[in-house]
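Two complexes, one shared chain (subunit A), two partners (subunit B, subunit C).
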Partner chain A sequence: MKEFIRDDGRKFDEIRPMKAKVGVVPNADGSAMFQFGDTIAIASVFGPKKMHPQHSQDPEKGTLRCNYNMFSFSVEDRIRPGPSRRSTEISKITEWALEPVLMIDSFPNQVIDVHIHIIQASASTRCAGINAAAMALAHAGIPMKDMVSSISVGKIDKQLIVDVNKYEDSVFKEGEGATDIPFTFTHDGKITHLQLDGKISKEDFKTVMNLAKEGAKKVYEVQKQALKDSIEGKE
Partner chain B sequence: MDSMITPNMTGERIRKYLTEGKRFDGRKPFEFRNIEIETKISKNAEGSVRVKIGNTEVMVGVKMATSVPYPDSPNEGTMMVTSELLPLSSPRFEYGPPKFPAIEVARLVDRAIRESKFIQFDKLCIKEGEKVWTVFIDIYTINDDGNLQDAASIGALAALKSAKIPKYDAENDKVLFGEWTDENLPVSKDLPISMTFHKIGNNFIVDPTRDEEDISETRLTVGSTAGMISSMQKGNSQTLSMEDLNIILDNVDSVRKTIATAVEKIK
Partner chain C sequence: MTNRQIVIPGEEIAKGNDFLPGENTEKRGNSIIALKYGLLEESNKLVRIIPLSGAYQARRGNSVIGKVVMITFNGWVIDIGASDTAFLSLMEVPRFVNKDGLEEVMEIGDMVIAKIWAINKRGIDLSIKQRGLGKIDEGIIIKINSNKVPRVIGKEGSMIKMVKDETGCNITVGQNGTIWIKGDKVENEIFAKRAIEFIESKSYISGLTDEVAKWFKENKK
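Now for the complex of A and B:
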């Protein structure tokens, strides 16, 4: 049986090179790009603005509306443009991941629209999307209690890893196969998003959860730096 | 939101300036903003580009797949253009089934490329009558500051020029996505450049900003290969006179040259 080695030569707890930048869409109220190696996501924020249609308005609090989409050419085998069941689910998951830190109570009857697009994909696209969206919300000046940072961890055969790439997610099929676990944390360590597909023991899950928490801290630093740079007028 | 509408007052001032041959950003009427083209922005695509014209930005990708040819052209490949005016790029755009503006962008790009025979479809035949390549050109807007139409056309040409054909496993009758041959997509050297002229009052401009495009009364999109016209479409309901058409035709070559210079650099 083939032994699992990371195809890009990374250590098991090493995240792919990350890049982040805010202000990538001049028209938007806030926007950001986040990149994990070959996975690139951009997000833009419009609002808070009046919710249409009126019957969707919530007089108690504002509404967060996320939309996640992959460009048709972002993957090897072209995907049909437009929404799918997968993208609809990820859009909702993204809303749930972001909402806990948004002070949305201050915007009754209003909506904040977040648009996320994956330009290039090599797994962990939802994590890159959530990271970009969180930065775009901060860039738009929406009041937030905290930042959120998303990272995927996994178990490939018997090995626990951080930041799953395409080879690990869908190519390597030996042994116990692949378990993909995307996590989103607030900066003070609370979980706002968690999914799991595969098979993993309780012990391994506990270990991998801590790996994810450490990984999210590194993501946070990259997000924070990009937001700081934009305020200080650096690129 | 400020980018939702252009106030009448701004419109009046744009008109007044144009009567003196001036524009807000200091450009001449037939001058384009700076065109920047970046290739290989998405590595899973056969060809992909980011085009920036001033603050306007689009991303265009080319993907290929095999399909059954049309009965009337059994040895020719096919193409399909789609475009999405993403809500990400402007507060004016909304999700939902494509509306006319998005369809028009795709249709005009499609025609300029198809009618000029830019893609050499006869070289995209795998097995006559059974299997040919289909070329998908997908256009996404990133930021709308006017003239998405021309940005989309430029992006389509650049993406096609930079596209490589994927490897094809003839034995198993399967495309090896993610692996490419050294062969470029077969395209003609003569670029079918598409450009849109806008009439505001009695004046013409190219490459309008968002504000200028909003008060444009009528427009003509012209597709031109070197010295020839290959496609035209008038948009909006104001009339054009014969003199108007002459003014446009007199300026096609110089505008074409600006755009062609930018696209020709792409390999």
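Now for the complex of A and C:
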């Protein structure tokens, strides 16, 4: 069988070139950039700080507050700036993906703000956002049980693919159509977030899981290297 | 496991029972796991992680420099850069202060050196009942990352002593990363500021004291 080559020349399980950097926002307590090819996310963490208004305070544990934002110039057709249905949903999803690893119990009445900005988008923006946010939280000195790494697996017609790009996400319409499944894993292989947009069979899903796990491992290595280099690189 | 290594959260530091988990680490199963991002340090079989970035965490006994942000009927609310605001009670002022004359002692926007006396549910309590503490009248204030304060001070104050001697300025370093520089000339204050910024940017180098001595030789006019 001839090997499947995607529209941008990648193999089915090849991730776009990844790039990560820590400490990109000097005024934040922690910050990071994560890039999948043409998708670039910048996350900045502020806090832990006192939660305001006071009635939102939780005396038992701290609160994680994520804010996902796509810049109006991040896509080809300008998008309306400001919050939207989609960005509100992704903000919440990001919170759920990060909360299981965050040791937030040690910050009662306090809030950790995570701002994620997508400066350039070509699908998988939520994955890039979660990856950047996880690194930024570590950089902000927040205690965490583990790192999280996020990757999307998709299906175009009958072919499974890792790290969906814009064409595969929103342009492809042939055959069975396109499916997009973003995952977030801890580095020991537990899932903290899984979404499904489209259709997938039970049999295919098993393969998807394995592909995602392998992909997340590669993402983790990039995150780890960036965090380590940010200190050693300053010498 | 090598000493002085950077670890990230969730990373396995050591296997087996040869080491004990210290600050910012956790025993999980048969291995020790890092819970924070920072520098790994091992002494007497105890492993701990020293964070190198992030917001200031207030601790009892810390000397800090803060800014007056609010005046209440019995004291001042001070911003020290921690997650809680700090309170300096009127009782801390050694002389008589009229209840509506708190502004005469310290106004909003004034900088103050204080010691963290207690941390409780309601917040942080500050004290100025010691020599060297109290309101700052003149000089310049700079801010650095609070995690780099130990490097700026150096072993037994060696680093800060060198900066003081070289610039002829009086320097007070708050544990929260706020630094007060007071010299007889503004040029000297700015020179001290540049020196501290240099130390902050090179804070990961071993043998930093020598490096800073070299910097002074090159930059001193």
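Just so it is clear, the second predicted complex is superposed on the first by the 227 of 235 C-alpha atoms of A that agree within 3 Å, B and C clash if a C-alpha of one lies under 4 Å from a C-alpha of the other, contacts with A are read in each partner's own complex, and residues count from 1 in each chain.
Please note the rule applied: contacts are C-beta pairs under 8 Å (C-beta built on N, C-alpha and C of every residue); 3 or more make two chains touch, one makes a residue touch a chain.
Computed from a prediction, not measured in an experiment: that's the story for all the values here.
By the touch criterion defined above, A:142 lies against subunit C but remains apart from subunit B after alignment on the C-alpha atoms of chain A.
Touch criterion met: A:49 reaches subunit B and subunit C at once. When the two complexes are overlaid on their common chain A, residue A:115 makes contact with subunit B while staying clear of subunit C. When both complexes are overlaid on chain A, the residue A:129 reaches neither subunit B nor subunit C. When the two structures are aligned on the shared chain, A:72 is found in touch with subunit B, with no touch to subunit C. Shared-chain residue A:228: touches subunit C; no touch with subunit B. Shared-chain residue A:187: touches subunit C; no touch with subunit B. Looking at subunit A, you'll find residues 29, 49 touch subunit B in one structure and subunit C in the other. Chain contact summary for the complex, subunit A toward subunit C: residues 23, 29-30, 47-50, 101, 103, 107, 110, 138-147, 186-188, 223-224, 227-228, 231-232, 234-235. Taken in their complex, subunit B has these residues touching subunit A: 1, 3, 41-46, 48, 55, 57, 59, 61-63, 65, 82, 84, 86-91, 95, 136, 138, 140, 142-145, 177-178.
Every residue of subunit C that touches subunit A in the complex is listed here, in rising order: 6, 8-11, 24, 26, 33, 35-39, 51-55, 83-85, 147, 201-205.
Contacts from subunit A toward subunit B in the complex involve residues 24-29, 38, 40, 42-44, 46, 49, 67, 69, 71-78, 81, 83, 113, 115, 117, 119-121.
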